[in-house]
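Shared chain: chain A. Partners: chain B in the first complex, chain C in the second.
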Partner chain A sequence: MTAAEIAQQSVYRGAWIIFMLANICVPIISLLIWRTALANGAQLPVDERYITTYFVLLGFVTMATSSWMAAFLANDIRLGKLSSWMVRPASLLVKFVANNLSEKFLKVFALVPMIGIVWWIFRDSMNLPADAGRWALFAISIVLGAVLVFTIDILIAALAFWMDDVGALVQARVIIASVLSGAVVPLALMPSWSRGFVDHQPFRYTVSFPVEIVAGQLTGRDLLAGLGIQLGYVVVLGALARLVWAAGIRAYSAVGA
Partner chain B sequence: MNTHAEERTSLDRNRLHMHWRHVRLWRRFFAQAVVRETQYRAHFLTTLLVGLVQLGLGIVPTLLLFGFTAEVHGWSRAEVIALVGVYQIVTGLIATFVAPNLNRMTTYLTEGELDSVLLRPVSSQFYLTLRWINVAELTNVASGLVVLVIGLVQSDLRPGFGQVVQGVVLVGCGLVLLTAVWSAMSFLAFWLQSVNPIGVVFLSMVEAGRYPLAFFPGVVRTFLTFAFPVAFATTFPVRALAGDLSWGPVALGLGLAVVAMTLVRLVWRRGLLTYSSASS
Partner chain C sequence: MTPVHALPPVIAAHDLTKTYTFHQQTAGLGGALKSLVKRKYETRLAVDRITFDIGRGEVVGLLGPNGAGKTTTLKMLSGLLYTTAGELEVLGHTPSDRKHDYLRRIALVMGQKTMLWWDVPAMESLLLHKDMYGLSTAEFDRNVAELAELLEVEHLLNVQVRKTSLGERMKLELMAALIHGPEILFLDEPTIGLDVVAKARVRSFLADVNRLRGTTILITSHDMDDIEALCSRVMIIDRGRLQFDGGLDDLVRTAQPRKLVRATYATPVDGTRLDGLDGVTAVDVDGQTVKLEADRERAGVVMEQLTRLGPLVDLDVADADVEDIMRDLFLRRSTLGDAS
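The block that comes next holds the complex of A and B.
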């Protein structure tokens, strides 16, 4: 299924390149702003190298962990397309997993060269850990983050079993997540009174945490604790999503059936 | 026997009359959009709420930034808040009057809808760029005005009449320039078939307008002034309101706006030549 999706999506090669251009626009704007602030003498809790590495990698991680299916899945539920999947030997969700993986596979080809260019421009002020262990953790954490975002999307879309229009909720999720995940401002710059909340809420583990592994000064203990919490969220939200989905399927009365 | 080639009186007596006809037509579009909106009250409410949340979270980076420093390159926190207000007004106006149209560009071209547009006795470029209006987005213009006033009050700026005129003219230029850039990008659809993602790129580049021009390195400043002229939409108007802008940039903005409109007109004409309907 993933292979079929890749073949289908690669028709829109040009579109992917343009989409990825949009993806790195905002991180670059933020990068320039914060570097200016630093050069202007702002007293940030992190240094220039952290900021630079953070924003250069940000575009990649947000892409790699993103999910865009909530609205589509909700539509399939509302319009009764789910019915035809219920008699097939695979869940409708499998289709969305295939779509997610295939689009990301193609996006990587468009995005990596762009990130490479930005990387090269700022090569002098990048923080790059030498040991391969960190990069392995980075990869693991991205996979966990992607699963986490996907699960959150299932939870929101599954509300369509009971509600008519989840469009507003989907939009709200996107906006709130963009701030709480660290996609707009590095969470390290959040004010100290919000620390306890910011560091432990699930959205941190969808974007910020993987980036922090490479860019940040996380100690060995922070790393283990972070990965533990991330895994915990994946398991808990995954179980919850399973329950909600199963309950939804039972409550489902197809349109047109 | 009558033929289609027989002489008819022109719809318009002169150019002025033609422009006036388009203005009247646009007023009809607007009235229709308002009526349409009253049918979708939930949409209105959602747009309002999402807009407010977006505005609130959009200020977060600015507030955080000024938590670490009192001023950046001569800009105080209050002035940047005023700038965010102007940004919100401009993006609100674009979302109301321009975005609903340019987002349809791909459909117009690939599904041959353009055929029926070309047959109408109106400027097809006018029709394609301004036909649809999303009234609900005007709420963002209103919230932008509120933020602008808050910013101005906090920064103790009392702009005089001339400065307000400068600011309004500059915002107008900025709107025309940004619309021109987006239109030109969309008209590439004549050659590229699908241009939906271009709207996404445009909107993410406009994000640069959230911050004063001075926050960017030199090269980027030039780019944001002349190539992607978001500076005219936000930075220059606020500097005009602060009273430290001469009439030079205003003239420059007007000049650029005229040049940009002419260029877009040319791209449109060129593109139309390559158009060969989707169905025939």
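The block that comes next holds the complex of A and C.
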């Protein structure tokens, strides 16, 4: 199914390049702004190497853990398009999982060369752990982050079983997540009074935490605790999404002929 | 051959009921603002305690005016909707459980919704179904070859779906729905929007599928030609209630117990001689042509009278058109319903 999705989506190859250019522009601009601030003597709780590594990796992690499913799934529920999938012997979400995986597959082709160039430019001022274990944890954390984002999307989209339009919720989630996930400003730069909340809220584990594993500053204990919390969120939100989804299917009205 | 009704039913519905809850909003800005603060919810009974059995291999037409409850019934049978009350068993399953074993044995085709992916050739969707339904390559190839030949779509399998015409797309939809050899096929307006040639092709294909594979077919359609061509049995649903369940012939006899007779003569005739003839109504004489309606039991006597009117050139005796019968039936019911 993922292969079929790739075949379908590769029709829009031009769009992928533009998407990815947009995806990498914000981190690069942020990187340049923060480096300039540091060069001008700004006092930050992190150094230039951390900032540089953070923003170089940010574009990749954001892409890898992102999901655009909520709006599509909500639309399918609202317009009754889910019906076509409900009469087939497969998970209803299989289409969206395949769509998500194929999206990632195609984005990697467009994004990796761009990140490679930025990486090469800043290669001397980045923290790159020599330890293969850290890179393995980075990969695991990205997978968990992707599952977490997907689960949050299902939860939001499932509200369309009861609400006429979840567009506002989807938009609110995008705005909140962009701040709380660390996609705009590194969470390490958030005010100290907000630390307890910022460090433990779920959005941190969708983007910031995987990047932090490589960018540095996390002790072995922090790493284990972080992965535990990330896994916990995946399990709890996954169970909640399952419950809401099952209740939603009961309320589904399969609009339209 | 075993009679259809001697076998256990593949579909058994008892007091099947479905209600929908929705909110009402008055038009205009005022209504919109009011609905922001307070919403008035209403419950609508879409299907009201209907009971029926369908045997294996039957082709049954589900008829009724718009909003009568026939599509809701079809959606409950295919597992898309939970029932509000009543019992429903299809192929030994409760459809709303949507067990994969059940879904593998049915198919649903909705004339207004596509099951195919638009941006890729239909073959991609068929291959997806091959995996989803666990078909072996040999079985898949055999089914593709058989269905493509019956539907005459061999040349379309590798064309992007969105580049095909509506008629071609419907044929491909049917192919995708039948590739796994379902035991029951639910069809919701399968010929909607198709031209006469495409409609005829789809009808003859469905008849072939029923004859060759023994597939049970339940079809909703507003096109009476679909029903006449395919269905030996019809169920009429109106305002959620099952108003009629029986053979199409029975329906015609019950709803319109008269024969339509048209006689053409070599010379103009005097139709007044038919006035007052027992069992004859609505006589219309136009020069050399006489049109009238006669009671079935009196048809023989009427024919005899007609041969005496003048030199007969042509005589045509027919049942009333099913389309007209349905229109009269729905109009009468809605008038009665409105009056009550």
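Descriptive notes on the structure:
In the analysis below, the second predicted complex is superposed on the first by the 256 of 257 C-alpha atoms of A that agree within 3 Å, B and C clash if a C-alpha of one lies under 4 Å from a C-alpha of the other, contacts with A are read in each partner's own complex, and residues count from 1 in each chain.
The rule is short, and it goes like this: contacts are C-beta pairs under 8 Å (C-beta built on N, C-alpha and C of every residue); 3 or more make two chains touch, one makes a residue touch a chain.
All figures in this text were calculated on a predicted structure; none of them were measured in a lab.
Taken together in the superposed arrangement on chain A, chain B and chain C fit without clashing.
In the superposition on chain A, contact of A:Tyr252 is made with chain C only, not with chain B. When the two structures are aligned on the shared chain, A:Ser83 is found in touch with chain C, with no touch to chain B.
Contacts of A:Gly220 after superposition: neither chain B nor chain C is touched. Residue contacts after overlaying the shared chain place A:Thr36 against chain B, while chain C stays out of touching range. The partner that reaches more residues of chain A, of the two candidates chain B and chain C, is B. In the superposed model, the angle subtended at the C-alpha centre of chain A by the C-alpha centres of chain B and chain C comes to 90 degrees, rounded to the nearest 10.
After overlaying the two complexes on the shared chain, residue contacts for A:Gly196 are found with neither chain B nor chain C. Between chain B and chain C, the minimal CA-CA distance in the chain A superposition rounds to 7 Å. Contact residues on chain C toward chain A in their complex (touch as defined above): 20, 71, 75, 78-82, 98, 100-101, 103-104, 106-108, 110-115, 117, 119-120, 124-125, 127-129, 131-133, 188-189. Across the complex, chain B is touched by residues 12, 14-15, 18-19, 21-23, 25-26, 29-30, 32-34, 36-37, 40-44, 165, 167-168, 171-172, 175-176, 178-179, 184-185, 189-191 of chain A.
By the touch rule above, chain A contacts chain C in their complex via residues 1, 4, 7-8, 11, 80-81, 83-84, 86-90, 250, 252-254, 256-257.
Here chain B touches chain A in the complex through residues 42, 46, 49-50, 53-54, 57, 60-61, 64-65, 67-69, 72-73, 192, 194, 196-198, 200-201, 203-205, 207-208, 210-211, 215-217, 220, going by the rule given at the top.
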